[in-house]
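Next up: the structures, one after another.
Below are two complexes that have chain A in common, paired first with chain B and then with chain C.
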Partner chain A sequence: MASAEEASRPFAGLSDVSISEDIPVEGDISVPMSSSRRDDEFSTLDEPVKETILRDLRAVGNKFIHVLYPKRSSALLRDWDLWGPLLLCVTLALLLQGGAADSDDQGGPQFAEVFVIIWFGSIIITLNSKLLGGTISFFQSLCVLGYCIMPLTAAMAVCRIVLVGGTGTVSFAVRLVVVTASFGWSTFASTAFLADSQPPNRKALVVYPVFLFYFVIGWMILTFSPSQ
Partner chain B sequence: MSSGSGNRNTNTEPWGSFDDNLIQGSSSAVVDMENMDDTSGSSFEDMGEMHQRMKEEEEVSAEAAATEDDTVEDGEFLGMKGIKGQLGRQVADEVWQAGKRQASKAFNLYANIDILRPYFDVEPAQVRSRLMESMIPVRMINFPQKIAGELYGPLMLVFTLVAILLHGMKTSGTVIREGTLMGTAIGTCFGYWLGVSSFIYFLAYLVNAQITMLQMLSLLGYGLFGHCVVLLVTYNIHFHFLFYILWLLFGGLSTLRMVAALLSRTVGQTPRLLLCGTLSVLHMLFLLYLHFAYHKIVEGLLDSLEGPNLAPMQRVARDVPELTLNVTMRTLGTLMRAH
Partner chain C sequence: MASTKDAFEFQAFEEAGNLLEENRDAVTISIEDEGSKPKRAAAYSPGGNEEDPLTSDDRTELLSGQKKSIPFWTFEYYQQFFDIETHHVKERIIGSVRPWPVKNFIHVYLRRNPDLFGPFWICTTLVFAIAISGNISNFLVHLGKPNYKYTPEFRKVTIAATAIFSYAWLVPLALWGTLLWRNNKILSLVSYSFMEIVCVYGYSLAIYIPAVVLWILPYEWLRWCSIVGALCLSGSVLVMTFLPAVRDDHPKVMISILSTIALLNVLLAVGCKAYFFSKPEPAEISTSDQVTSST
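Our next item is the complex of A and B:
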């Protein structure tokens, strides 16, 4: 209490601010810390571009690793970013191109279609989980769902490689196994992050749309056939 | 709710009483009258609006006062400092505040998803039981049946139907000329759910049936469960006899359930006939349409058509009579040969 009063003497002019002194204040609000923080802000502006990009790439890579081994960590949630989902979305959409899209048959998904499915699907799942009483924020949820597309993107790359070898029954069986495994992995990874933020008896209600979402993406990957 | 302008009672409620700011300022009378004639929505919204308006008026008058002071002080420097001077900064600040106010007003108005929160308040066990009940017609039509007003189940069923439709379209090699597979699937399913619900609600409003829009959306949404089951089975097992049997069975059961619920809430023979007839026709025909429009019919049949330049709809119109005949003849033929 005495130290609080001493610290507040330079701020005596602000006595009409309505914070009473007997309420303990938490956090770093003393002056010396704030000035050094301001120095930090300026220093990130002055650093070379390579450092900034590498820092962001390292953060994205770190989150990829968290998706590969989904355990209950808050890394994805705490420092959410949307770079990873964007990268994955663009990669997936590019890989799904060139599939019978050159001929008259428009059966292959267009680039914009994949984008719209992924982003609007994520938005709808996020809204659904918020409406069901979830404690996770909008962008955190988008971040988690986007990062968990990674197994499916990897499966798409594997499918493209397998399809180089041919489109017979064997290749279909291999692709089916790979896509199913990665679909299960994606769903499991995202529920490991999302389900924690829900009340315990409603987990199934949140998991089902996630299941549908990854199912549709997995279906798009599985039914991809390259142009002859 | 709204106090007269002559009342000088200064109640200090937590949200700030009416009188403090309505009397001050030259435009208070106009504001007061507007609020008194405001018939929009609930009284709670009115109070919120009024409070918001009062807060804004305070802010605007405070800023106007601040600007006045500054312009009086810096008037002589205007020519020398221009944009970078005190006045410029003040104007920029005001523009920023105004923009922020507009944005937060729009956000609070349109992005307030808490309006929908009560409709998603369900447990998994409830959803499961409602899915099962959607196939079981209830015979009590003399007393209004209870219809759950939730949106989670119907929304998930519509998305499931979209996924099943996509699967059917892809495995049948449907060609969509103008548009995309995904867009067509989503448009069809959501269009049916929202459009037919609105249409039946409109008819119900005309014949004075006791049903709300939410209940209609919920009823029709759960009625799509039968469609999902039928399509899931028949997009993978291509026997048309099977489809017709399932169409009558599941489609019929879910239609009967919806019809019974509507009957219990409508009075009079003609209104009941109109409402229930329309709903059953639309519901059954939708399942028929979904099966035939987005599904490869029989392989041999496609060779006789003109080629892939036809829209799916045209294929349906020509095929249905030939189709049943072909399938019937073929199955009869195989049966006879087997014996």
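Our next item is the complex of A and C:
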């Protein structure tokens, strides 16, 4: 009881303060800044184009670094963008070209097929995680899945370099190791971002489609055979 | 703060009254009997029998859930088919390959909670498994032949997808329509909803995924053994699930429906095997023909 009295002492003076209802509160709400500065902060219309592009490129590069070292950070989720996934998709589709596609109509995947698989697959996985009650938004999930294709694109570039050397068993073994490692890295990176948004008894239900998606992309990369 | 001795001791009501006298401004909570009144009302409403308030709340909630009809163009309508957890999916997959003890898949595993997650992802996995395994088996069969050019055949993915998804959706549709038609003629106690039939068919395809992976090895006896095994397991689960629904019908109708179910299953399995997986023997015959024709 004594401590309660002591606690109430600093506020003892406030019991006398009262604001009667007939005195209007008035004042002047003004931000102590010049108006032109306030405009510059919010509108990016006047800045040079180079700065706009560089800002977006820096954001994309920042997210690439987050995929390289996947920690449970929310940077990828907070400011999502689809530039990175588009760049990676186009790069992967271009690298998968030129693989016996001219001679045979069953050679490699066409450019459009790679696009359809990646984007349609990402949309279906996102729908699946939202139907299972995920808290992540639609475009955030697309952003994460697209950015985590980066290890597989790097593996594709390495495979093409290895294929220049030859198509024997050694090159196949090297390609298999590289693709398997990058597939594991992609799956691990994307689940590090996506798994937190699901209740714990449904995590495996969300992770399995991601596993299947990257497995199919890895399969496309592994079975790429150049035209002779 | 009260001493620990008081926290564990039963406090008599006089002490509370004394505390209230000392500190008139303290916030007090009075728990009245109002909370128990609606519980009592709910317990008496269904049948007038004395039940736990919890089970009667569950029952009223379940009944209201069935009456609530969500329009099919909203997202929530589809969300109710994804209301499952990881162990549910595992149990359903294991139950679809185990026809013993004799049971009804729908009654035992679905329990009025059909899901679309299992059928969709099992079908997708099967499509990719068939395409990839077919590719690998073709590669292995033609390994070492000089004039074979390896091509990853991506067209086959679309063909496999069409075949499997139409089996998983059109056959349940036809079966549901047939059961509905027969139900009009003969009053049967057992009736399945469309989603439940789709669910059974989807989970019954789960056994084919390991079977298809086994087909990579180019041994005919192994392929036929695994086909027959998978057919027996999945076919028996399907037949046992639909037996109660058609049991009250004409014997001829019953046998024709059940045999159609089994026959379509067989057609799918054998068709996939024949189309996607080439046999090793005819290739050897063709090379020996080339050898004899060149000499």
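Assume the second predicted complex is superposed on the first by the 185 of 228 C-alpha atoms of A that agree within 3 Å, B and C clash if a C-alpha of one lies under 4 Å from a C-alpha of the other, contacts with A are read in each partner's own complex, and residues count from 1 in each chain.
Following the convention adopted for this analysis, a contact is a pair of C-beta atoms (placed from the backbone, for glycine too) under 8 Å apart; a residue touches a chain by one contact, two chains touch by 3 or more.
All values reported here derive from a predicted model rather than from experimental measurement.
Asker: Consider chain A as the common anchor and indicate whether chain B and chain C clash or fit when overlaid.
Answerer: The answer is clash.
Asker: Taking the superposition on A as described, I'd like to know which of chain B and chain C A:V216 touches: first, second, both or neither.
Answerer: In the superposed model, A:V216 contacts both chain B and chain C.
Asker: For A:F139, select first, second, both or neither according to whether it touches chain B, chain C, the two together, or no partner.
Answerer: Touch status of A:F139: no partner.
Asker: Where does A:N128 make contact in the superposed view: on chain B (first), on chain C (second), on both, or on neither?
Answerer: In the superposition, A:N128 touches chain B and chain C alike.
Asker: Is A:R202 touching anything from chain B or chain C once the two structures are fitted on A? First, second, both or neither.
Answerer: In the superposition, A:R202 contacts both chain B and chain C.
Asker: In the superposed arrangement, does A:F224 touch chain B (first), chain C (second), both or neither?
Answerer: second
Asker: Based on the A-chain superposition described above, do chain B and chain C contact any of the same residues on chain A, and if so which?
Answerer: 104-107, 109, 113, 128, 130-133, 201-202, 204-205, 208-209, 212, 215-216, 219, 223
Asker: If we count contacts the way the header does, which residues on chain A are in touch with chain B in the complex?
Answerer: Against chain B, the touching part of chain A is residues 104-107, 109-110, 113, 116-117, 127-128, 130-133, 201-202, 204-205, 208-209, 212, 215-216, 219, 223.
Asker: State the interface residues of chain A toward chain C in the complex, per the touch definition above.
Answerer: 1, 100, 104-109, 113, 128, 130-133, 201-205, 208-209, 212, 215-216, 219-220, 223-225
Asker: Which stretch or stretches of chain C touch chain A in the complex?
Answerer: Residues 22-23, 75, 78-79, 81-82, 84-87, 89, 117, 121, 124-125, 128, 132, 135, 149-155.
Asker: What residues on chain B touch chain A, complex-wise?
Answerer: Going by the criterion above, the answer is residues 113, 116-117, 119-124, 127, 152, 155-156, 159-160, 163, 166-167, 170, 173-177, 180-183, 308.
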